[in-house]
Structures are given as C-alpha cells and as structure tokens.
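First chain A sits with chain B, and in the next complex the same chain sits with chain C.
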Partner chain A sequence: MRAIGFIVRRELGQYFASPLAYVIAAAFLILTGIQFNNDLALSITKRPVNPALIPDLLAQMLILLAPLLTMRLLAEESREGTIELLLTAPISDTSIVIGKFLGAWIYYTFLLLLTLPYQFILVNISSPDISHTFAAYLGIWLYGGATLAVGLMFSAMTENQIVAAFLSMITLMTLYLGESVGQIVANTDLAAFIFNLVLRGHYAPSFAVGVVRAEDIIYFVGMMTIMLFIAIRLLESRRWR
Partner chain B sequence: MIEVKQLVKRYGPVTALDQISFEAKSGEIVGLLGANGAGKTTTMRILTGFMPPTEGTARIAGFDVMTDSMEVRRRVGYLPERVPVYLDMTVEGYVKFWANLRGVKHPKDSVTRVLQRFDLLDRRYKLVRSLSKGLRQRLGLAQALVHDPPVIILDEPTIGIDAEQVIEVRNIVRSLREQHTVLFSSHILTEVEQVCDRVVILHQGRVIASGTTDILSKQIQPGTHLYVALQGKNKGEIRALLEKLPGVTNVREHEAGFILSSAPNIDLRAAVTDLIATQRLSLMEMRPMETTLEDIFLNLVGKGKR
Partner chain C sequence: MQRRNVALSRGQIGQLGSIVGGLGLLIGLLGAIWQGGITPAVIGLLALGIVGLALWYSMTPQDVKAFVQGRQTRYSTLAFFSTLIMIGIVTLAYIFVRRESIIADSTTDYRFTLSPQTHDLLRQFERTPNRVEITAFYFATDVVNREIDDQYYQLYESASNGRVYRHLVDPVADPAFTERYKDILNQGIHVFVSYVDETDSIIPGTTIPVDLTDRQEYDLSQSLRQLLAAGRFKVYFDTGADEPDPTSNAQQGFSLINGYLRTNGIVTAPLNIANIAASQGQIPTDTAALVIAQPRRDFQPAEVAVLDAYLKRGGALFIAADAFLNNTPFLGAETSPFNAYLWNNFGLRMSNAIIADPASSLQTPLDVIGAAAYADNAIGRNLNIEGDPNSRTQFRITRAVEVDSTPPVTNGSVLMTTDKAWGETDLEALFSRSEYTFDPAKDVPGPLTLVAWAHNQQTNAKIVMVGDGDFMTNGMVSSPGGNALLVLDSIGWMTGYTEAVSFQPKAYQTVPMIFVGGQMLDQIAFFTLIIMPGLMFALAIGVYLRRTRR
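Here is the complex of A and B:
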C-alpha cells in the first residue's frame, strides 16, 4: 500500500513537471471553453443550457486524451530501463500498476476540476439542474477512469509509446463507435446487447441525462478492474520469459 | 551470501546460461568476467529476481530468488548496465524515491548519507537530466546503496565512462568490501584483477574458470610475453637468433616483429638487449604484451576442447 502512494506521488510529479501536461490542460480548456461559450450563446436565444455539456464533450475527447495521458506510463519505464529497478524493488507488480493508474486518474480529475468554473458561471446566470450536472460529472469521471485503464493496459504491452497510444486509440474508438453497428442490426435484442457493451451505452442514456444507475457504475468499475488485471499480468509476464 | 547452483536459462532454442554454479561469501567482491553475450547480465538479472531461471537454484542470504523473491529484493542493491534514471527528477528526489520504495526507515538521513558518500550532496537539487554520464553512474550507485543492502550487484559499472571516472568507480567498489557482498561484472581482465577477490569467468553461458585472482592469473597467464621489433638482418635470421636466447620458450611473428614467450618471472629484456649489442641490430620497438581476454578465452576454451 505504501508503495502505491510513492508511485502515485512520482507520477503526479511527472505529470506536473512535464510541459506536455500543461499543453494538454491548455488545449482541453480552450476546446471546452469554446463549446461552453457556444452553448451559452445558444441558451440565450434557442434552448436552456445543457448541464452535461462538458462531460458530453469529454466523452468524445477521451478517445484521444486518455491514450495521450497513459501511453508513457509503463512503455517509457521499459524503454528507459527503469522497469528493471522497479521490478527488482521489494514491491508487488500490482502496486506498480495501481500506482500508475491512480496517478493518471488523479491528473484527469484535476483536468475535470478545471472545468468547474464553467458550472459556477452557469449557476450564476441561469438555473441549471445541479443534480444533473453532478450525475454527468460522476459518469464522465468513471468513464475517464475506464479509458485510462485501457491506455495503461496498452502501455504495459509495448515499449513504444506511439504504438501504445495508437492501439488504445483504436480500441477506444471501437468501444465508442461500436454502437453504430447496433444501429444497422435488424435484431433489436442484439442491438441492445451491443449498445450495452460500448462505453456510450453506459454514459449517454444514463449519466448524460442525469440518471445514476448501478449497472453503469459496475460497467466502468468492471472495465477498470479487467484492464488493470491484464496490465498486471502483462507486467508479470516479463518474469516468465 | 550468494549461492548459485546449476543455473540454466534458455530463451527459446538459445541457451544463455548452461549449468552455472558459483558462490560469494559475505564481505567478498566477486567478479563476473566475460565477453559480451557470455551470460553476465542474465546471471545478474536472475539473482535480482528480474527474470526466473529455467533450471537450477539461486539463493541470496539463504533466500531463494524464485520462492522468496521479496526477501531477496529487500537485500539486494542493483545497478543495471544502463543506469536507469528518471530525467525529470532531482538528484535527491530520485534517490529518495528508491529509498521509499525499498522501505528505508529514515529516508532523509539515508539519502543524505549516500549523496555525501558519492559526492553528490552539492548537486542534490539539480535535475538528473543535467548530470554527466559519470555523475549518473554515481547516482546509480547511490540508489543501489541507499537501503544499505548486504548484497550489491553491479552490471558493468565502468562501461562508457572516462578513465578518471573508471578509477573512481573501482575505488568505490573496493570500498564496499567487508560491509557488503559485491557481485561485479566486467569484460576487462585488469579491472577484475584490481577490484575483485575472486573471479568467475563466463564464456558462452558456461563457467570456464573460477577462483581467486592470484590463482587464476597464474592459471591463465602461463609465462610472460614480450614484443620486439628488430632490424639489421632479415626476418628469418632474427627469428633464429631470438629462438636461441636463453629462457625463450616460443617465438611467433606479430605485426613487424616477434612475440617472445618465456616461463613466468623470467625477464627477457636483458637477453634481448645483449643480443642487439652483440649482433649490431637496431631496436625499433620493445614492449611487454598483456594477455588479453581473447587470449585467455582462446587458451581456456582450447583447453576445454582438448
């Protein structure tokens, strides 16, 4: 447990010490800022503000963002050889993977918190449904955790960061767009099944409209667990070779 | 302290280690000597628990590297061949990170102690990125020693650094004797002779010789060799004259001259000087030949075949 804490601290140190993290944060704020402005302008003339606007946007952005945030985590350790010291330190492979994951998830949470000022503005100029906003943020927080776990799993697979990022992007894209396959399937049961498999299926109909369902929480937590389990096994597999 | 018995490591069809056995007693510096690909790094990686052996056992301080991996890892300080560093960390932060992960009780004191020992204290707030290769090597040694482990494993710590730093690292390794058991790998014979109490020579994954440095150097350097290049007569005549010199056991052509071999402790230089004077020859070059690792391997491998 102690080891997890040290690894989390090290990861956060690296995120906040690297210019890339600030570039990502800046790009993230510019994109969300533009969307927020548009939505605000529309809300004056056409329709009420969307309390889930930022989380909805993130649901798409995470396909690119999560691989960027996680590609380095284990791939870089392998390439730089520091993995040799990590794996020969008296700590378990599980604490390495969990520590790395929590580091990424905490940084992502920080990005999410950066968007809170938008909500303060909304509360001040209109009367959004706060519980709707809260549900959407909770949903996208879990959704983010699941996408980061996918990224981390691919980072454990290769020592090439680009390959790791590419593979996780493809996987996340499939998990995001998979529902479109469901839309052209004639059998509605099969379509529903496919919709339940993909990321959007557990965000769009529930969290995004302000509904918190246990099955969606279980889906995201389950996905994190499975991905982290595979990442731990991949790390361990170095010892079998 | 380190006990290796019949260790085998296969990578698919390739056998990297073939029935290796050796041991290192407490407070001893043992050198693993071998060319690239001889199996030094593989042996060290097995001992640190980074990878498992295919067959055989390895124990450190009585703990098996496979079944008691955590106990072994707590007792080992390891410096891989390529010093693994986090470039974005400060010198102090880097050493402290490893101290924390290895469960050091008072990390601050331990970090200050090792930084002082390796003369890095005044650079403690510098980024690792800004350190030269030699300083990074020292930093690598500092992380390997920060938890004061009984066993220290150093994989070619003198590779790729300049001569002055090589001497410094050798002195550091020597200073570890008594408090620590050190396993030190190198492909430089003289280095191993200077630093280690005992040597294990690996060749193509097998131990071809092991013992104290004195015994080994006698075993593997039978006699002394002198290179001389003379002029004034033709090569055949010179060779005949050299062969007749007292003490010379073998003469073979090398570059522009000959290598004279003699029994150990016999200095041929006086005899050669006399020959030059009496035969009115010109001396172009004369130097003692050091036995190279290749010579030793050829010698030992040759013996193995016979």
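Here is the complex of A and C:
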C-alpha cells in the first residue's frame, strides 16, 4: 500500500505541477460550460433541466479525454527508459500499475468535481432531482475509471504514446458506439447482448436515469480489474521477453 | 526464358505448418462456437490445423519442443490463462449479481420502485385463473428503451411472483407473431397486456394496449386494471330503428368507436329494441350501457316502455340524434313520445332547432366545435382543453338539447355553444336552400347546449344526450380526438368503467421548468465560460511561471 501511495503521489505531483493539467481542466470547463449554457437556454420555460446532462456529455468526452490522460502513463516511462528504474525499485508491478491508475483516476475526479458549480447553479434557479444527479455522477465516475483502465492497458502495451492513445480511442469509441449497434444488427436480442457488453450499456439505462444497479457497478469495477490485470501482465512481460 | 528454382528449407516448411496449424485450429474453434456445434467445415478446419501442426513437428521438432518448453511460452501461457481466469471470475460475479437484480432507485419520486397501489393491483392477479403476459415489441434500434422499460417489466414479474411475466418480441425475428399487432403498432403503441392460457398462448380478445410514456408504472398499471375489468362491461348498439351497423367501417359507420371500446376491454354487441318490444321482452340484464345513435325514425310507445323498464332498473342510455326531414323524426320536439318521456323523467329533450354558431365553428357556422366544456363532470373534463387540439370536439348540423332548469333528477350540460349562436328553426330553408339567418321571432338565441347529461340518484339511471349522430361516425372520430373522448368518457361515466379502471398514480415529482431572465443567463454564462476556465488558465500560468523561475 505504501508503494501504491508513493506512485500515486508521484503521479499527482506530475499532474498538478504541470501547467498542462490546468490547461486541460480549462478546456474541459469550456466544453462542458458551452453544453451547460446551451441546454439551459433551451430549457427555459420549455422543459425541466436534465439532471444527468454533464455526466451524459462526459460519457462522450471520455473517448478523447481518457486516452489523453493515460497515454503517457507507462508508454512515456518506456520510451524514456525510466521504466527500468521503476522495475528495479523495490516496488511490485501491481503497485506501479495501480498507483498510476489511481493517480489518473484522482485527476479525473478533480475534473469531475470542477463541474459541481453547474449543479449549484441549477439548485439555485430550479429544483433538480439531486439524487438522480448524484447517481449519474457516480455512474460517470465509475465509467471514467473503466475508460482510464483501458487507456492504461494500451499505454502498457506500447512505447509510443500516439499509438497508445489511438488504440485506446478506437477501443473506447467501439465501446461507446455499442448504443448504436441496433443500426447495424437487425436482431434485437443480439443487439441487446452487445449493448450489455459495452460501457454505454451499463450507464445509459441505469445511472443516467437515476438507477444504481449492482450489476453495473460490478461491470465497471470488473472492467477496471481486467484491464489493470492485463496491464500488470504486460508490464511483467518486460522481465521475460 | 530462365527458370528460377524455388527452394524451401525444412525450417520454412515447419514455419508454414505452424501458421497453417495455428490458424486452422483457431478458426475451427471460433467456427464451432459460432455455428454452435461441429459442422463439416469446422471438422475440415480442425483437420487442417492438426495436419499443419503435424507438419511443423515433423519438419522442425526442436522448434516445437522449444516453443512448448521455452521460457517465453511458459510465461506467456501463464499470463494468458491467468487473464482468462480473471475474466472468468469477473464474468461469474457479474452474472451472479445480475441474476440477483439488486437495484437502488435514486430518483426523488421513486420512479423505478413499484408503488403500494401497484402491489395491491398485482395481488389481484393471484386470484385470476390466467397469467398475464406483457408483450413488448422492440426493434434492434430501440435497444436503450428496451433496457430501460425492461427494468419495469422485471419489477412487475418479480412483484407478482411470475403471474405477470414479460415477452420481448423482435418484429424482425418474429414477423408472424408481429403481424397480429401490425395495425396498432403502426399507431406507435408497442406494449400490450393480455391473459394467456395454460400453454402461455395469448387468449384472443383479452389484449389491452399500453400507451407507454415516461411514466411507465402508471401506464402499465392502468392497462392491467383495464385487463382486470375486461369483459365485465357490455355495451349494446341499437339497430332496430335503422341505425348504422356498429361494425361497419364505412365513413358513416361506427367501427372505430366500436374498436376503441373493445380495445378498452368493453364488450360490444348489436341489439334490436324494436324486436324486444314486439316480443314484450326486456333489455338484457348484462347491459352496462345502451347506445342509440342516428336512428332514422322515432321510437314507438312499446319501445319507450322497454327503455323505461331498463332505465328504472338503473340503466344507462347514450343518445346521439340527428336532424332528419321526415314525418317521424327521432325525438321530434312536438311529436315524439320518447322525447316527452325524457323531458318528464330526466329533464332533457331534443329540440328541432339546428345550431349555428359563427363564433365557434369551422367551415360554416353549422360546423360547431363547442365553445364551453364543463370540466366539473367526468364527461367534459377531457374535452376542448386549451392548447390541446386533439381534445377538440366537432359537430355538424347539430340539434340543440334542452336542459330543464327545474329537473326531476340531477342534470346539466357538458358542451355549450357561444352566446353568439342561435337555434335555426326553419329547417326547410336550411336543408333545401342552405339558408340560415337569425330570426328573433322564431329562432332560439344562444348559448345552446350541444351535449347534456342526467342522473337519477335513486335508480342510478344515467343518460347522455348529444344533438348530433354524425359526430361519432368513422369520418368524425379519428381526428381530432375529442369526439371519441366524448363517447368513451360518457360510456365510462355511465357504466362505472372509469372508476373501475382508474389507477391512482403515486405522486410524481414534477421538476419545475426554469424561469430566469436574460440578465441572469448572461451572468451564468460569464461565470461558467469566463470565470471558471479563466481560473484554471490563471493556475496554469502560475505553475508555468513558478517552474520557469526555478
């Protein structure tokens, strides 16, 4: 645990000591802010506000955001050779991977918290369903964790950050587009099966509508576990390749 | 031309064998999974794989041994299988938890939790002889809605211990089954509740459509209530005075109204009052309501006696009378014994005046919409609602209904004209020359009653009287929907059907709409688009400057 804590602190230090982290946060706030104001303008006198607006938007943004946050995690260490230092340090591969993942997840949580002022604004001008909003935020937090784990796995696979980002983007796009599987698959049962395999299938019909299902939590936690497990095995493979 | 000899080494042949063998086995196994069994093609691929591997071993046995026993193979195999085991553990945990269906409804108004009213309703299905099937049609493109709705269906299935179960149908995969629902599916209804027999086959005539909105529980429970009430209410259509066939799908027929009633679980049948009167019989005791629509002649005293007996035992009568230029018009003001009977006993009668309303009309003042609907009664509350064009009623050449202000029973109006309307009494001029102008000496000044009701509290006899018969024909009920609502709500009120099927919904929280001014919007935009990102940019610059100063 101490080793994990050490890696997490190191990662967070890298994030928050870099101006890039704040530039990403600013860009993130501009994107979410535009969507928030746009929805607000459309809602006025016409319809109640969507409690899951920001989490719904994030579900799309994570296709780009997660690879951006994770592409350097292990790929950069490999390219610069610093991975050898880590591997020879008295820290297990598991600690390295989990520590780096937690660092990215905490930074993502920071980004998520930055959107809370939108909810405070809504509370002041309307009476949104706060518990519904909370469920949507919980969902997108877990969703984000799963996408970051996918990104980390690809970062462990290659030394090239661009390749890692590209592969994770393609994978996340595929996992996101599962909602549209019905457009290409005529069989509803098959479409439902595929939908249940992809990330959106465990967010859109549950967290986004205010329902917290244990199966969805297991899905996201399971996805993180599998991806991190593969990332650990990939890192470990450097010792015997 | 010089010939080149191509030489293959044992190593190359072995390598080729390993590729062919590996691919053959892999594709063969995938094919077996895809086909769900061993097919000749799968056997061929597996055989090719084995031949390839055998070739590899025979050409380069030392490579095969190194591959199997080598360090890389050992570790990678271990990594591969441990990953498979991890995926297996996670999948098993997921399947177990999914089967348990553990959910927490975090919506403020508990939209995904069945209310006590629904639990009470579902308990009633434990006593019905047949189980209930929720049949829901979803195309592959509706997969998200299917997943959301299915959560409700599962709640019903679980709360009723399987007495109510779900059947999700893919119209593409099961076109024969879908064909039976084709017409109503085209209207946008895709969920139905029906009784099923012991073989889980839907019992014909017991299907109730569910107009599923975002209040799924209310819609489903309401339809289940209708299913419970199905068959308990029987409405007869009189055909003895040359009224149109209630099943006729002609423009002037009543098949649409008939179909709407049946869709709500109300049984309909024709009835000949003239024959009953001739045989000195009585209106069947299972009659929940009797509809007399567009009779071409007036009722004889014997028929009035039959209706009197029926009303005295608490009957319900829906009368829709047209204006006809003949010697014995139905409910003729001066000539009709039935009109006199209704006036004396219920304080309602049909006048001979045809309504013209310049202020509430369509093409001509004779096409009356109905200006004022009385929302304080069960019939009028859904009609002519402002902002809802589908609730609009429409009448053509309508007789004014007279409502006694000192009636022997309680009575009242449902729909009125504007005060600009009048009752044209010169029918000859109106029908032959299309002339109608207000004559204060002869005509009846508005406002006039288009539809009226009466209720005898002692006998529980109920009457709804409409001064137009056309209004409920196929050509007039499909659009706008107010005419059909008028008939259905009248039948519902008279028979008690409305109370029987009404489902008291739980209080859904209505999230209020936002009402903020432009200035407030500008302030919000300034804060969220300038201040918040600006703060982050300021931090970025601060970090950058600190780093460069070092």
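The criterion applied here is as follows: the second predicted complex is superposed on the first by the 237 of 241 C-alpha atoms of A that agree within 3 Å, B and C clash if a C-alpha of one lies under 4 Å from a C-alpha of the other, contacts with A are read in each partner's own complex, and residues count from 1 in each chain.
Definition applied: contacts are C-beta pairs under 8 Å (C-beta built on N, C-alpha and C of every residue); 3 or more make two chains touch, one makes a residue touch a chain.
Just so you know, these numbers come straight off a predicted model, no measurement behind them.
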Joint occupancy of chain A by chain B and chain C, clash or fit: fit
First, second, both or neither for A:A3, with chain B first and chain C second: first
Chain B versus chain C as contact partner of A:A89, first or second or both or neither: first
Partner chain(s) touched by A:A192 [first = chain B, second = chain C, both, neither]: second
Partner chain(s) touched by A:I218 [first = chain B, second = chain C, both, neither]: second
Chain B versus chain C as contact partner of A:R47, first or second or both or neither: second
Angle, in degrees and to the nearest 10, that opens at chain A between the C-alpha centres of chain B and chain C: 160
Partner chain(s) touched by A:W240 [first = chain B, second = chain C, both, neither]: both
More chain A residues in contact [chain B versus chain C]: C
Partner chain in contact with A:S18 - chain B first, chain C second, else both or neither: both
First (chain B), second (chain C), both or neither touched by A:R79: neither
Minimal inter-chain CA distance - chain C and chain B, angstrom: 6
Footprint overlap on chain A, where chain B in one structure and chain C in the other make contact: 17-18, 240-241
Residue numbers on chain A that touch chain B, as the complex places them: 2-3, 6-7, 10, 13-14, 17-18, 80-91, 238-241
Touch list for chain B against partner chain A, complex: 11, 45, 48-52, 70, 73-74, 76, 78, 80, 82, 84-86, 88-89, 93, 97-98, 100-103, 143
Touching residues on chain A, where the partner in the complex is chain C: 16-23, 25-27, 29-30, 33-34, 36-37, 40-41, 43-49, 51, 114, 117-118, 121, 125-132, 134-135, 179, 181-183, 185-192, 195-196, 201, 204-206, 209-215, 218-219, 222-223, 225-226, 229-230, 233, 236-237, 240-241
Chain A partner contacts - residues on chain C that touch it in the complex: 71-72, 75-76, 79, 82-83, 86-87, 90-91, 93-94, 97-98, 100-109, 111-112, 138-144, 146-148, 151, 168, 170, 172-173, 509-516, 520-521, 524-525, 527-529, 532-534, 536-537, 539-541, 543-544, 547
